[in-house]
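Chain lettering (A, B, C, D and E) follows the sequence in which the chains are written, and residue indices restart at 1 in each chain.
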Amino acid sequence: MLDDIAFWVGYLTNGKHLTWYASFQFTIFAALMGGALAVVFGLTGATLKNSRFLPLRLIGTFYSAIVRGVPDVLFFLFFPLAFEQAVEWVIATQVCSPEAIAAQTAPWPPCREANWFLGTWEYLLLASVSLGLVYGAFASNVIHGAMRSVPQGQLEAARAYGMSARQVLWRVHIRQMWVYALPGLSNVWMLIIKATSLLSLLQIADIVLWADRLGAPNYLPAVGLVHDDWRWRYYLVLFIFYILVTWLSERAFEAIMRRAGRGILSEAQG
Amino acid sequence: QETVRIATEGAYAPWNFLNDSGEPAGFEIDLGNAICEKAGLTCEWILNDWDSIIPNLLAGNYDLIMAGMSITEERLATIDFTQNYFPPDPSKFVAAPGSEFDFAALSGARIGVQSGTIQAAYAEENLADGNTIVSFATADQNMADLMAGNVDTILADGAYLEPIVTAAGGAIEFVGEEILIGGGVGAGLRKDEAELKTKIDDAITALKADGTVDALIAQWFEGQGPFFSE
Amino acid sequence: MTQTEPAVAGASLVVELRNLHKSFGALEVLKGISFTAREGQVISLIGSSGSGKSTLLRCINMLEIPDQGDVLIDGEAIALKGSGPHRQIGDENQIRRIRSELGMVFQSFNLWAHMTVLENVMEAPLIVQKRQRSEVEAEARAMLDKVGIGAKADAYPAQLSGGQQQRAAIARALCINPRVMLFDEPTSALDPELEVEVLRVIKLLADEGRTMILVTHDMEFARSVSDRVIFLHQGLIEEEGSPDEVFGATRSARLKQFLNAASHD
Amino acid sequence: MQGLFDDLAIMAPAVLFNIYFAAASIPIGFLLAIFLALGKASSNPLINRLSRGYIYAFRGSPLFIQFFMFYSLALSLNISVWRPLGISGFVLHPLFMGPLVLVLNTAAYTAEIFYGALRAVPRGAIEAARAYGMSRSQQFRRVVWPNLIRLAWPAYTNEVVFLFHATAIVYFALPVVGAQRDLMSTAKNLFERDFNAFLHFPVAALYFLGVSLVIFFLFGLVHKRLMRHLPVPPRLRYAPKWFR
Amino acid sequence: MTQTEPAVAGASLVVELRNLHKSFGALEVLKGISFTAREGQVISLIGSSGSGKSTLLRCINMLEIPDQGDVLIDGEAIALKGSGPHRQIGDENQIRRIRSELGMVFQSFNLWAHMTVLENVMEAPLIVQKRQRSEVEAEARAMLDKVGIGAKADAYPAQLSGGQQQRAAIARALCINPRVMLFDEPTSALDPELEVEVLRVIKLLADEGRTMILVTHDMEFARSVSDRVIFLHQGLIEEEGSPDEVFGATRSARLKQFLNAASHD
């Protein structure tokens, strides 16, 4: 009995498992970074949509329509790869000699010097940006709606007291906008969390990849504990992990909502 | 010292796998480190899924692939290989004991392969008629599906199957005949890396000559071979 | 149509409107309004609903931009550019400076919901006038005491009754030390009981000699508090004069009708 | 240009797989969702908790993980359960597993939509039905359901579009049988051959966009019909809110 | 407290309530109500807001289940099981049969929005009473004609005015050929102009000799239409009798006060 416990504790704390636990950092990083960027892109998109200048408005509308019209996985894969290629192409125009380009046999990059090495963290960053872009489109919709929900009188009062357009925007409009945007942003955040499960598709050794490797059957004692296919157990852990994170996020958003809603939401007064 | 980034899959024991410390280990890791030492390079190991391992090499995310990858004409069209560091090795079928196949006219079988392997290409070309080819992302998954009975047989590298069949203690057995495909396992690299290729090739030559390669094969494949020195 | 107002001895002109016109689309709301307010005067704007009182008041601090005509504050014309419906603020800095000298009190209070009462009152002095925090806070608290809600300084607007909110809004307007206070129906969003508190505060200000322009529906109040009453009708000043003249010796038939209707409310 | 047409041709059969996955899971998910929504609204504590828990779990976790988990779970039951029943090859086939997991997933999302709509059904309409002596099932069929589906339709349309998008990850998690590949898997394969990210992915996106628009159009027609009792039928807006 | 009602010669008892009690949580709304309605009688329930009129009416067809007491329709007691707040319908089939004999007209109409007016009217006869479609349709159209909206048969409720909707609701209730019509403030969701149309229809039914129980705030109407008026106060029947007795010779001080207030509306 005691031996069993000791064995399982040992097994669950071996280096391979520790690496798995450590890989949660990628997921958490991508979620937080992606979330922050989604807000940034969301604000940008909402500003574009509100722009008086027609082309900008079109860009804003087009951005949110297109990104939402295709599967998130597709954009999630496309963006980092396309971005890498775009950067390499730009580098190529600077550094590649015509001979080097002619000598290049591989389909990409244009020449050897133009190659941009992407490691885990670069991919993670690009993955976060692509999460930010995809869910920024949703956030921009949410924020756009929330900006319009702020009562006109609040802004008028600010104007009447001589605040500049910028002061009105930041001190009153955006400040009050959050309250109306938070429920929607909470939804977007839940989506981002769930989308972090796709990191392994961008060659990041994330929790999903490690769960797969840990659960895979092993027949060779030299490799480690011999066991058959345990994958579903490991995935079950991830399944529960995500549910817990969702639950925690909900609680956190409720708390944020109470704070941000002070004075604005009557329910929040208790 | 120049750094060489070497990609491996980490799911193809005993070639390459993740050991209990969570680090890449196995025949190719030992060999790769020996090569680097010989060639005066610094090695850095990178994990990459099998099905995108060539694309990511081409995309420049690493310089070398050591992932039990057989040298084939088709692959040579896109990437280059060093000389082999594992002798040509027949591919084999395994199945649960008691399965009856008529390999002369195989039909109605569900054949598991790892996608993107020479066996997958072979099966698609020669066995697709009348059989169902199921391709899996990893060799582990392929094996798991065989053990769980989702496929009737799998076709894979003999040297990969050998230790598993031994360890499985009768749960699976070799069936049918061996199929000779591929020109041994080599390290893949981009075509424009002539300099690197030379360095690695020289190192492999030296390591073959001094018996290191065979010693590592013996160490990792339970003394079974195949070996370079006959 | 407009009369020259009875000169208040020696007091300087604080607000001067010259021939204001304003249309919303096809609807011409103001059709040429001119009047002046001198230092210390209390002016009431009365008129039926839709007669353009709010619009006129909002033109004074350019929350609505008149299509034609000028607004002068302390003799300084507010710069505008363009013409007709395309007219815009001409000088952002000037308008901000002038706005910060006009204390506007809205019908629906428009306190900033995300700030406490004290923060509301301190906001413009700190952010727009860039005054010292310590000095502003002392003054803000004094203002809140003056309007009788000193104890509510740290409450959020939503936690106050309507009358308290409106008094907070008045304190907010007072705290920028405005040349003129502009009131747009400051009590019409309030219950009759709450109304009383607010009217008391406004009366206090009038007695102190503050310059004020107020839109009101309460004839009783207009009469008791104003130096001058202006009756708007269909976008024009139909009658104007001292409360006694306007309410006591009504000349215009329309005003008579209006006053009649108002007393039946 | 030629590449574009080639890609369009190559991906034409692939999109059929996505359509198949969506088409196979939508009707079943729809039915399951009705029961889950009723369960969540039920006053029976056991049924209520189970439905709530189910909906929460499947909405709160990624579909990607659900695919992996259910595939390996099904695999581990193969010898003991599917084999003896003689349905092994069928159960583990991606054309079955895919829709199965999608059904489990979409049922949760759809149930949440239906549950929201259920609570929004005017109480008076139900009371009138009771007052006229309708049985519980008559009340549901004749009054609750018609109201519910009208309220839920816009959100449900979005869910269907997103379910269609979700079919893109089926082959990231399940084995490929023969040459059966969906859009996403095909696009990725093509990309890995020639690295033309700016061709293959956008073509796949085009297909997804196209089918989404068709779904939207068809569901819009239904919506119009459902809403014919209103003097000014509200427009169906593409405003996704519920998805995975 | 309750009186035996003046016996209407020969007419049978259609509705009988015996000692009904109903609480919502701690709030006791009905504290023991008994009364009867005979064939052809029109009974008005009056009382101030919150006195439990709606609750009482809803107890008759068990939309609310009384905590105590019985309801008899045509002498048949509605079966209930359990006790107190846990009381439930005892026999689903019985209650469905009985409900389909009680035509309820709601304050807010509660027409089924997704069906045309005709479908609304035909729904219960077809679905609950399982009658012949052709026969039901003829009858439904006749009913709609009777209430004066025959031309609107194929319109949806949302396309009708409030008064038309309420008349459709009355037609719906009539079409199940009910033993009793129950009206819960059938006009209070209507504008005064629309109200008139609906009251005319109800009056028509009263004149035809339909048994009806109606909750109303319109004393004038109650007086003109009822055979008997019941005044509810704090969950009890405070006064009851013919309209002349109740309105003409009011005994209870509370009813006097109530009638006084009502006439000031």
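Please note the rule applied: a residue touches a chain if its C-beta (ideal position, glycine included) is under 8 Å from a C-beta of that chain, and two chains touch if they have at least 3 such contacts.
Each chain and its UniProt protein: A = ABC transporter permease; C, E = ABC transporter domain-containing protein; D = Histidine ABC transporter permease.
This is a predicted model, so every value here is computed, not measured.
Student: Out of curiosity, which chains are bumping into both subunit D and subunit E?
Tutor: Both subunit D and subunit E are touched by no common chain, going by the contact rule given at the top.
Student: Which chains lie in contact with each of subunit A and subunit D?
Tutor: Under the touch definition, subunit A and subunit D have B as mutual neighbours.
Student: When contacts are scored as defined above, which chain pair ends up with more C-beta pairs, A-B or B-D?
Tutor: Greater number of contacting C-beta pairs: A-B.
Student: Could you put a whole-Å number on the gap between the CA centroids of subunit B and subunit D?
Tutor: 39
Student: When the centre of a chain is set as the mean of its C-alpha atoms, what distance in Å lies between subunit A and subunit C?
Tutor: 50
Student: Roughly how far is subunit B from subunit E, centre to centre by C-alpha average, rounded to an integer in Å?
Tutor: 84
Student: So what's the Cα centroid distance for subunit C and subunit E, whole Å?
Tutor: It comes to 55 Å between the two C-alpha centres.
Student: Scan subunit A for residues touching two or more other chains and write them down.
Tutor: Within subunit A, residues 81, 107-108, 212, 229, 231 contact more than one other chain.
Student: So which stretches of subunit C touch two or more other chains?
Tutor: In subunit C, nothing touches at least two other chains.
Student: Could you say which residues in subunit D touch two or more other chains, in rising order?
Tutor: Correct list: 72, 75-76, 191, 195.
Student: How do the chains pair up in terms of touching? List each pair.
Tutor: Final set of chain pairs in contact is A-B, A-C, A-D, B-D, D-E.
Student: Quick check on the complex: what are the subunit A residues that touch subunit B?
Tutor: Touching subunit B from subunit A are residues 14-20, 81, 84, 103-109, 112, 115-119, 200, 203, 205, 209-210, 212-213, 216-226, 228-229, 231.
Student: Quick check: in the complex, which residue numbers of subunit D touch subunit A?
Tutor: Where subunit D meets subunit A, its residues are 56-57, 59-66, 68-70, 72-73, 75-76, 165-166, 168-169, 172, 184, 187-188, 191, 194-198, 201-202, 204-205, 208-209, 212-213, 238-241, 243-244.
Student: Under the stated contact criterion, what part of subunit B meets subunit A in this complex?
Tutor: On the subunit B side, the touching residues are 5, 10-11, 13-14, 17-23, 25-26, 46-49, 52, 56, 58-61, 78-79, 138, 140-141, 143-144, 147-148, 163-164, 167-168, 190-192, 220.
Student: Show me the residue ranges of subunit C that touch subunit A in the complex, using the header's touch definition.
Tutor: Its residues touching subunit A are 61, 63, 92, 95-100, 102, 104, 106, 108, 110-116, 123-124, 127-129, 156-159, 172, 176.
Student: Quick one: in the complex, what on subunit D touches subunit E?
Tutor: Counting only subunit D, the residues touching subunit E are 122, 124-125, 127-135, 138, 142-143, 146-147, 150, 228-231.
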